[in-house]
Amino acid sequence: MSTPLEDMMAVTAARALKGAKNCFVGIGAPSTAANLARATHSPELVLIYESGCIGAKPTRLPLSIGDGELAETADAVVSVPEIFAYWLQPGRIDLGFLGAAQIDRFANLNSTVIGPYDQPATRLPGAGGAPEIAAACRRVLVMIRQSRRSFVAGLDFRTSVGFGDGPGDRRRLGLRGGGPEMVITDLGVLRPDPETCELVLTDVHPGVRVDEVRQSTGWPLRVAPDVGMTGPPTEVELAALRRLREAGKV
Amino acid sequence: MSTPLEDMMAVTAARALKGAKNCFVGIGAPSTAANLARATHSPELVLIYESGCIGAKPTRLPLSIGDGELAETADAVVSVPEIFAYWLQPGRIDLGFLGAAQIDRFANLNSTVIGPYDQPATRLPGAGGAPEIAAACRRVLVMIRQSRRSFVAGLDFRTSVGFGDGPGDRRRLGLRGGGPEMVITDLGVLRPDPETCELVLTDVHPGVRVDEVRQSTGWPLRVAPDVGMTGPPTEVELAALRRLREAGKV
Amino acid sequence: MFESPFTSRSGRIVPLAEAVQALVRDGDIVALEGFTHLIPFAAGHEIIRQGRRRLTLVRLTPDLIFDQMIGMGCAERLVFSWGGNPGVGSLHRFRDAIENSWPQPLEIEEHTHAGLTARYVAGASGLPFGVLRGYSGTSLERVTATVATLACPFTGEQVAAVPALNPDVGIVHAQQADREGNVQLWGITGVQKETVLASARSLVTVEEVVERLELRPGGVIIPSWVITAVAHAPGGARPSYAAGFYSRDNGFYEAWDAVSRDRERFVGWMQENVMDAGGAAR
Amino acid sequence: MFESPFTSRSGRIVPLAEAVQALVRDGDIVALEGFTHLIPFAAGHEIIRQGRRRLTLVRLTPDLIFDQMIGMGCAERLVFSWGGNPGVGSLHRFRDAIENSWPQPLEIEEHTHAGLTARYVAGASGLPFGVLRGYSGTSLERVTATVATLACPFTGEQVAAVPALNPDVGIVHAQQADREGNVQLWGITGVQKETVLASARSLVTVEEVVERLELRPGGVIIPSWVITAVAHAPGGARPSYAAGFYSRDNGFYEAWDAVSRDRERFVGWMQENVMDAGGAAR
């Protein structure tokens, strides 16, 4: 049961994968988008899962990043130490996908805890591979539902670094990848300002108003002078999305 | 074309392998001894070659430590990074075998160069895996022809550490294996004095006189009060040795 | 002389209950690995049945097996890097322990996958620490004591360092063993080899015992002489999967959300399906 | 932003001469790996034929291929860990260069197998350095500048550190490639994967090009997108061997002792068997 806006997220993310040769994929929305890209404009896209599967070609959406089909269809399966040390860490991966529970204006992400670390209101799963994906991939895409609870002025915990406290921080921290280039939400798309590194609303999804997005953001949101509109899903995209989701229901 | 004294070296070394569960093997004399042990008293001995072959069971003496038969008969073949990092370095190996061009009274070994390092009289192959074998194996056996040229007062280069400059040095240097416990030559057997760590002649091969050994040593050789004699090769040992050598000539 | 913790082992094949009895003691540091694939559920359930307490449990992804062990009070400490129910959501027993100290307080040591993996690799390598590019700029640097920074002696560049992990017991599940206790696993092999090699004692449960191991494509062999004990536990990875034997029971993972959400229901389920079920539990 | 040297590659299949022309330049750091097995002789011979000069050559075991490249004047520097003719004795061209600077002086950087391997692993991992237990108490500590000691930030224990090795070009030989340039090798796989992954440019020569790679027991896959070029070079590892294709020509290794002992005889042999022989040379 997916909503039209969830479809917009998946479709927008899949489109953003154009040009990428390979992609480090987490589970859930990123996996949907990456597999949608393979099913539409980028059949050659190499999907890399942290379970060690390189070049996986799943026919259905995996429930876990270690599903058997990922290994069976992969060009190569390597150990978990190898996938992180030899493949992710050196900066071989064009594009990494991240989700989170909280994001701030510099696209830093929290997937660890809501509330104080020692007395959590809500304990979340934690880091997994996200911090190194955020550090090492040449390009990073973030997919996250937009609301005042998720788009916050200050993170409760910084699990993964976007642009830290602003310009120059990634270099200071020795993070060699390019950092987040797009944040795709259920309302639209935000991109970092090249000067200030602060997220700017650049596109809204069809039927979404800019002030809605403002109201769903926990800080005074910067908006591009000419906000675009994301193209609605094409028949081809929606059909491919349906096929992937249907196949998943086995 | 092997001499009776070479056979004595091989047989003595093979006998010293009794009780070892596994053995890190270099090429040449050590390989002969290890395979002789497998062919006689220790069929279960696990042979480990630095080429990554674990549990190799060669039917003939390999010419190189990477011979195909070692991989074909191995329980497992791992990468060279793995054999050194996961298998040798942690101290999993009971026994290591070393040869050398020079040895000193503390069983330090030189397999790198004769003469000054920058202006060598003779450039030798160098370290290979020897320094880490000498450092990490629980027990180390050295096999070396004995002469004033090989048993020297001072090494031209210290490739592998025996007991360094004497008692306590291995600990100071962070070498966790036990160090050399036997030096097997074509004349007899030397063992380190538990107090001083200096090599002491404890056995001579049949027909060898102690003063011969003294004359073949480049320092005032210490001799045990009761020098033993190594038992002559048995028919079984000689036959096994012949079979291994014959099979090698393919 | 240094006494290596890695003395040669027997890899002898013994019943699971006997192996767990012999290897796992109260207060031990126990790693159970298997990255989504080959999760050693049968061994974990046996530890629960034997009532082990005050364990430090180590796993990259705690998954349902640690949710169960934590909920049943086996653990006083958890070392991990991602604590969710993959594709479903929360691990409710894990959360209840951290958020509400139920059934008892749970101390946590939290890493990234890459960082915890580096701890295993250093442990398997007999090194005191491992290095990686990681943690820089994250809050994990602040809350996790087992993360340090180190300067490259050649370039001066700063990298992260983590201490070697050497569990008292390392437990993994594999597809096959032969009668000598040599083991083969294939498919997604995760950090299983490192877990066995890093641990002072090791247990491998297997789907089947065969006369002779035939090396498979993608097969990883672990020789018997680095394994303390092997136990025959068919289905021992359910509800996770064993490539070539059975697939992942995604329905169970989804159903676990409701079962584990409620304390009583959880305890009842564990009593019926694990405590009373002997080796038969999934 | 940092520009990763590891941008995605094509793995396109090209003729060997063209690949060497495109990838190997005078003054490059060039690693040719293959631990006894799968030694890339054909690629080395092509480098000799193309008259490359001032190379820094890197190999754990220089073997006959580097004896030939050194003797033909390709190298001004050698990074290695064991320079003998396995099972036979000396590498005479290697010795003549070090002992007598013939045909030109050869600067050496000498390691242990474990140490040089750690340099490759660090290079493949994008780390500035690697750590190991090694070198302590040996003369190598004194003569080799690329060895340092480092204190564990947790225990204070001293270990050795070596800088990452990232060759300009990494060259290996494998059994198979498919038409997309994905590669498979099996048997003793040495440090070949690390060599490809650590290098800015990489060349893999293969025994055969197949429609589709079938993963073999013990097979290691190197995806095309980390390989710059693949060249079809059947017999390209002779006189070393390629498991499943041909065995080691031990007679040649023994005969090389006499051939290489004498400068004129060596030059004559190389002229006849390599320079004039095109791709056909063993």
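Which chain is which? They are A, B, C and D, in the order written, and residues in each are numbered from 1.
Heads up, the rule we're going with is that a contact is a pair of C-beta atoms (placed from the backbone, for glycine too) under 8 Å apart; a residue touches a chain by one contact, two chains touch by 3 or more.
It should be emphasised that the depicted structure is a prediction, and the values quoted were computed from it without experimental measurement.
Participant: Taking each chain's centre as the mean of its C-alpha atoms, give the chain farthest from subunit B.
Facilitator: Here the answer is chain A, farthest from subunit B.
Participant: In whole angstrom, what separates the CA-based centres of subunit B and subunit C?
Facilitator: 40
Participant: Which integer distance in Å separates the CA centroid of subunit A from that of subunit C?
Facilitator: Averaging C-alpha atoms per chain gives centres 28 Å apart.
Participant: Give the residues of subunit C touching no fewer than two other chains, as numbers and ranges.
Facilitator: Residues 126-127, 132-133, 157, 159, 193-194, 218.
Participant: Would you pick out the residues of subunit B that each touch at least 2 other chains?
Facilitator: Subunit B, residues with two or more chain partners: 85, 89, 136, 176.
Participant: Can you identify all of the chain pairs that touch?
Facilitator: A-C, A-D, B-C, B-D, C-D
Participant: With touch defined as at the start, can you tell me which subunit C residues reach subunit A in the complex?
Facilitator: Within the complex, subunit C touches subunit A at residues 35-37, 60-61, 80-84, 86-88, 90-91, 94-95, 98-99, 110-114, 117-118, 120-121, 132-140, 143, 157-159, 187-191, 193-194, 218, 241, 243, 247-248, 250, 253.
Participant: What residues of subunit C sit close enough to touch subunit B in their complex?
Facilitator: 1-2, 4, 6, 8, 124-127, 182, 193-194, 197, 221-223, 225-226
Participant: Please name which positions on subunit B make contact with subunit C in the complex.
Facilitator: Interface residues on the subunit B side: 21-22, 46, 54-55, 75-76, 85-86, 89-92, 94, 136, 138, 170-171, 176-179.
Participant: Hey, which residues of subunit B end up touching subunit D in the complex?
Facilitator: Per the touch definition, subunit B meets subunit D at residues 27-28, 50-53, 62-68, 70-72, 77, 79-81, 84-85, 88-89, 112, 117, 120-132, 135-136, 157-161, 164, 169, 173-176.
Participant: For subunit D, which residues count as touching subunit C in their complex?
Facilitator: Residue positions touching the partner: 126-129, 131-133, 146, 148-150, 152-155, 157, 159, 161, 163, 214-219.
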